[in-house]
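Chains here go by letter, A, B, C, D and E, matching the order in which they are written, and residues are numbered from 1 within each.
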Amino acid sequence: GGDDSAAAADNPYRLLQPGVLRAGTLTDAPPNVYLEDGAFTGFDNDLLVAAAAKVGLKVEFVGTDFSALLSQVNNRTFDIGSSSVTITEARKKTVDFGNGYDFGYFGLDVPAGSPITGFDQLAGKRVVVVQGTVQDDYATTKGLNPVRVPDYNGAINQLKAGTADAWIAPAEIGEKSAADSNGKITVAAKELSRAPTAYAFAKGNDALREALNKGLDEVIADGTWTRLQEQYYPGRPIPAEFTPGSGTVAVPSASATS
Amino acid sequence: MTATATTTSVSLGVRDVHLAFGANRVLRGADLDVAFGATACVIGPSGSGKSTLLRTINRLIEPDSGDVLLDGRSVLRDDPDALRQRIGMVFQQFNLFPHMSVLRNITLALRKLKKLSEDEAVQLARAQLDLVGLAAKADSRPAHLSGGQQQRVAIARALALQPQIMLFDEATSALDPELVKGVLALMADLSAGGMTMVVVTHEMGFARSVADTVAFMDHGVVLEAGEPAAIFEAPEHPRLRRFLSQVL
Amino acid sequence: MDPLSTLWETFFDTDSMREALPEMLTVGLPNTLILAVSAALLGSLLGMLLAIAGISRTRWLRWPARVYTDVFRGLPAAATILLIGVGLAPLGMEIWGPNPYPLGILALSLIAAAYIGEIFRAGIQSVEVAQLEGARALGFSWGEAMRLVIVPQGVRRVLPAWVNQLIALIKDSSLVYFLGLLASQRELFRIGQDYAANTGNQSALLLAGLFYLALTVPLTHAVNWIDRRLRQGRTVTVHPDDDGGPAALAGESALPRPNPTRKDPR
Amino acid sequence: MDPLSTLWETFFDTDSMREALPEMLTVGLPNTLILAVSAALLGSLLGMLLAIAGISRTRWLRWPARVYTDVFRGLPAAATILLIGVGLAPLGMEIWGPNPYPLGILALSLIAAAYIGEIFRAGIQSVEVAQLEGARALGFSWGEAMRLVIVPQGVRRVLPAWVNQLIALIKDSSLVYFLGLLASQRELFRIGQDYAANTGNQSALLLAGLFYLALTVPLTHAVNWIDRRLRQGRTVTVHPDDDGGPAALAGESALPRPNPTRKDPR
Amino acid sequence: MTATATTTSVSLGVRDVHLAFGANRVLRGADLDVAFGATACVIGPSGSGKSTLLRTINRLIEPDSGDVLLDGRSVLRDDPDALRQRIGMVFQQFNLFPHMSVLRNITLALRKLKKLSEDEAVQLARAQLDLVGLAAKADSRPAHLSGGQQQRVAIARALALQPQIMLFDEATSALDPELVKGVLALMADLSAGGMTMVVVTHEMGFARSVADTVAFMDHGVVLEAGEPAAIFEAPEHPRLRRFLSQVL
């Protein structure tokens, strides 16, 4: 509603609470966003804390359901949405996105001994994805008629129970699950996802979005981004076609920061 | 001890009351007059509308037409709740509250309507139970009582409110002769205390001995009314004669 | 931005609704119906058995019924569905193949039965003992008396609560999602959620809600109508001020007496 | 792979459970209780008002109650919670600040009221008209008769169905999650769900289920016990083979007659 | 037409029956003998255990001790359902099924127990309703009937099953005199047809005129039993004398 100029002065970013960035996130999607020992963490959230600090904002995280997240951002329940939200045209109608800060690989998990070795062999197979994720989007646009489950556990259960032939997962999650499965699940292939992920803002809150874009560039430049990449996605190569942030700052290499 | 202190007695008049349940015209111009402190017995075949007539008197059912008079004044525009506090009723099927003890059945209205304290209400209720010989059953639930015991509780419940008029719908049918006598004595007390009573009954002996007036109903009308002697010894209407000829 | 208009856009965006409509009609609605109707039938049947077992005087019927009810009502539906879906998946795989519906329907029915059993039990237990005595005095066995006299009266007394449960079931059918669904197996709510997740707009979810309303409202009113028919003219009261609407307290009295119809004292 | 041992690992891993236990106890349990208890009280109160309005003969009470019930039962709970949470968020912000609990409790209560209202209505409508007549003949107004005589009997008849709804409410309290929760505001189910997500193991979810059981089972049995106490020795039947357990059909007869106690014909 | 075809008549014996509800010892050694085709009337004060005694005869309540004999043979080990088909009972509170029409109340047992076809059952039920003068109310629900009408339906329902023994718990209390006469005629028919009957009643006139035996109960025992003339004209037990002295 109608902020008067006085209020605008001590709350330039039109936050719900001056000085505090209220961020909607998920509690159950590691390693991107999750809760550990009662604190919100994960790559996206740690990055957000760092970027917000550059702008002088403290972050307060609030867990919610992904299907509700973007409309809550739009309705100002939250100032920002942080949940590896992939930028899509449909979502742009509801919210504005900041600059992309992450990319994703898809991993193709299959039960041990499966004949499937690549993403091109999935036609006619029972392929499982987590609902509403980029993988879901990917499988659907490829015409795979995927089996949708609510969370990663659902997908793992499907593979273990033999009710699915393959799971398209975020690569790092797929790898972790395979590692944890005592050899029952293996990663058959990896593939880069096209669209970057970004923070979501209420439409028209350009001041906040631009400020955080700037903060993001700063944490990229100072090596925080690279460090968090290493921490949460160890050993994951950064593809040549991806540049985080506005693209105007140089990304220090992993070795330079560690 | 007399159940009710002397109350102002009132007379009752029912004037040309009509009532239909759908197509079933149950009351077709019923008339009844009961003088101050008098007892009227209503007799008549099953289904003739006796219970329905009682219900229209305290306006549990509103008549389609006709009038009900207390002391000559129509009550159809009165507040029905206040009216019913002045008119006690004992139902053919007792209508006790099954989820309350016998005592609570009686004290409920005393506390909530008469605004007596818990103690006063209990005391009064116990006295009433004593009168109907059920002091020992105060804490039982109605379901644990015999038919006659339930009926006596229903009577005690109505009398405890000290009404000016009492309506009994076959109130003595489940009572054994000893109790009938007790209830009659109670009624005589009430009568002496100025209570006006309407008693629906199938027991002609009962009607003969307690009634000031006997009214014979058939098909929703009072065909004949008068002193018991007149009704039982010199019935005029052929229908009444036929009815009485069946009496054991 | 004006909060009211944001609210409006978020929930009542007709374009989003129009977009989701065809899939809801052709995919979501039939799936919801398949799940809810099968689970309602099976759940009510099991619920009746549970109710009868629960009032039995045989400990070996009463206790298992009690434990079953406590567990299946107490556990979160998601956990139960997962337990059954995962636990019985190998078995299900053999019998039905990978289709999650049979196990989903089974799980939904088992949960619904626990709730419906309690509802039926309440109804049956509220019927006067006089009725059972009346029936048994005629020579009916306990089972016949229950079936012919007690249960029909008892169930009628709790029809609205039973409808509650059917409505809850229609909505719980969305939980089979935990078992993994093909796009063509998604029901109304899931389709709405997917649209909400993909667009950040809740209108499709509200559209799913409207579909639910289109199922539940007629159901409610049909059952109310049947209920009223069964009471047949005995919808009756001794009532306060009246504007001549339908009636309130049922005259389903164990020991019925003449009831005033539309002759209510004020 | 042995399916049974998979099942066991997935749901009954004691390590996962032990890990989640402290947070469930200190955070989840109190939050679930706050949500469920407040919503149960408010929802039952509103439900009673709805039930009374629903049997009123005044159309202007009956119709709104009907529409309210249809809508709030029919819509998916998630949609209702979001609608209220988002729609009233600006108002809530002003009154309570960013805490989602007040709005969440309000939404849960409004939903529960629709269900509870129907349950109470069923119970009240099953009370014999004779009871209302009996009370009104004593001089009680319609309202007094309802409050003192009809409602207590009616509610008692549907206590188990009401417990059903309270249990559903305890579990539905997890839906406030849709409104966004701080880590310290999460209730049992959410904590279980988060652990499950982080460990790839459902045991924490099952632990949440056990907590629910620890709440719902005593609740059920407490209410059953109260119910039996209220019927006081009138838990009675005309019954089949007996092993001397508690009784079955209540003797809550409108027109009670002597009941046999443990003297059941076979 | 006679309500029941001739059935094999049986005699009834109740031997030293005891029964307690908790601490309340309701029956304390009740004895009763009714010969083939005879009618016994049970009288006694309210709460003396009359209804309870009837219930033990058809084993709606199992006695704590004692025996019930049909034709000299104990029935306590028989199949109670089969037993109850041979024993008709009319309750003090009727116990009609409120959710069924009057006709269905009667046909239900005919169809399900006697395995009659729908048509046969309806025909028989209508005939029974005719006998109690309620042919016109076949399609009503019990709640729409007057007290006496309900009582007659309950009687018709029991008689339709052609029992060998009939138990009436104050079955005539809601009947007007004309109907009592009708029911009596019916009973006489039944008696002629070999029906053995036990009738609990408060109406001494009724007992005197229909009973072959009158049994006086008090505090759970039959204090005195004998022919009506003996009981009413030459009562021996002082309690019975006191009881009768109260009769109007």
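The rule is short, and it goes like this: a contact is a pair of C-beta atoms (placed from the backbone, for glycine too) under 8 Å apart; a residue touches a chain by one contact, two chains touch by 3 or more.
Chain identities (UniProt): B, E = Amino acid ABC transporter ATP-binding protein, PAAT family; C, D = Polar amino acid transport system permease protein.
Treat the numbers as computed from the prediction; the structure is a model and nothing was measured.
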* Structure fact -> Hopping only between chains that touch, the fewest steps from chain A to chain B number 2
* Reference chain E; chain at largest CA-centroid distance -> A
* Please report how many Å separate the Cα centroid of chain C from that of chain D, as a whole number. => 15
* To do: Using mean C-alpha positions as chain centres, tell me how far chain A is from chain D in Å, no decimals.
  => 38
* **chain A and chain E, separation of their C-alpha mean positions in angstrom** => 82
* Structure fact -> Per the C-alpha means, the centres of chain B and chain E lie apart by a whole-Å value of 28
* Structure fact -> Multi-partner residues in chain D (2 or more other chains touched) are 3, 6, 10, 78, 82, 86, 89-90, 129-130, 133, 136, 141, 202, 233, 238, 251-259, 264-265
* **Sites on chain A at which at least two other chains make contact** => 1, 68, 71, 75-76, 157, 161
* Mind pulling the residue numbers of chain E that touch at least two other chains? => 21, 51, 55, 60, 84, 91-93, 143-147
* Structure fact -> The answer for chain C against chain A in the complex is residues 1-3, 6-7, 9-10, 82, 85-86, 89-90, 93, 98, 100, 177-184, 186, 190, 193-194, 196-202, 205
* **chain B contact footprint on chain D (complex, rising order)** => 130-131, 133-141, 144, 148-149, 152-153, 156, 230, 232-234, 251-259
* Asked: For the complex, which residues does chain D have touching chain C?
  -> 3, 6-7, 10-11, 55-60, 62, 69-71, 73-80, 82-83, 86-87, 89-90, 115, 118-119, 121-130, 132-133, 136, 141-143, 145, 150, 157-161, 163-165, 167-168, 171, 174, 189, 202, 205-206, 208-209, 212-213, 215-217, 220, 236-245, 247-257, 259, 264-265
* chain D-facing residues of chain A, complex -> 1, 16-17, 22, 24, 27-30, 34-36, 38-40, 60-65, 68, 71-72, 75-78, 151-153, 156-157, 160-161, 177, 180, 184
* **Of chain E, residues touching chain B in the complex** => 21, 43-47, 50-51, 92-93, 144-149, 152, 169-170, 173-181, 202-206, 209, 242-244, 246-248
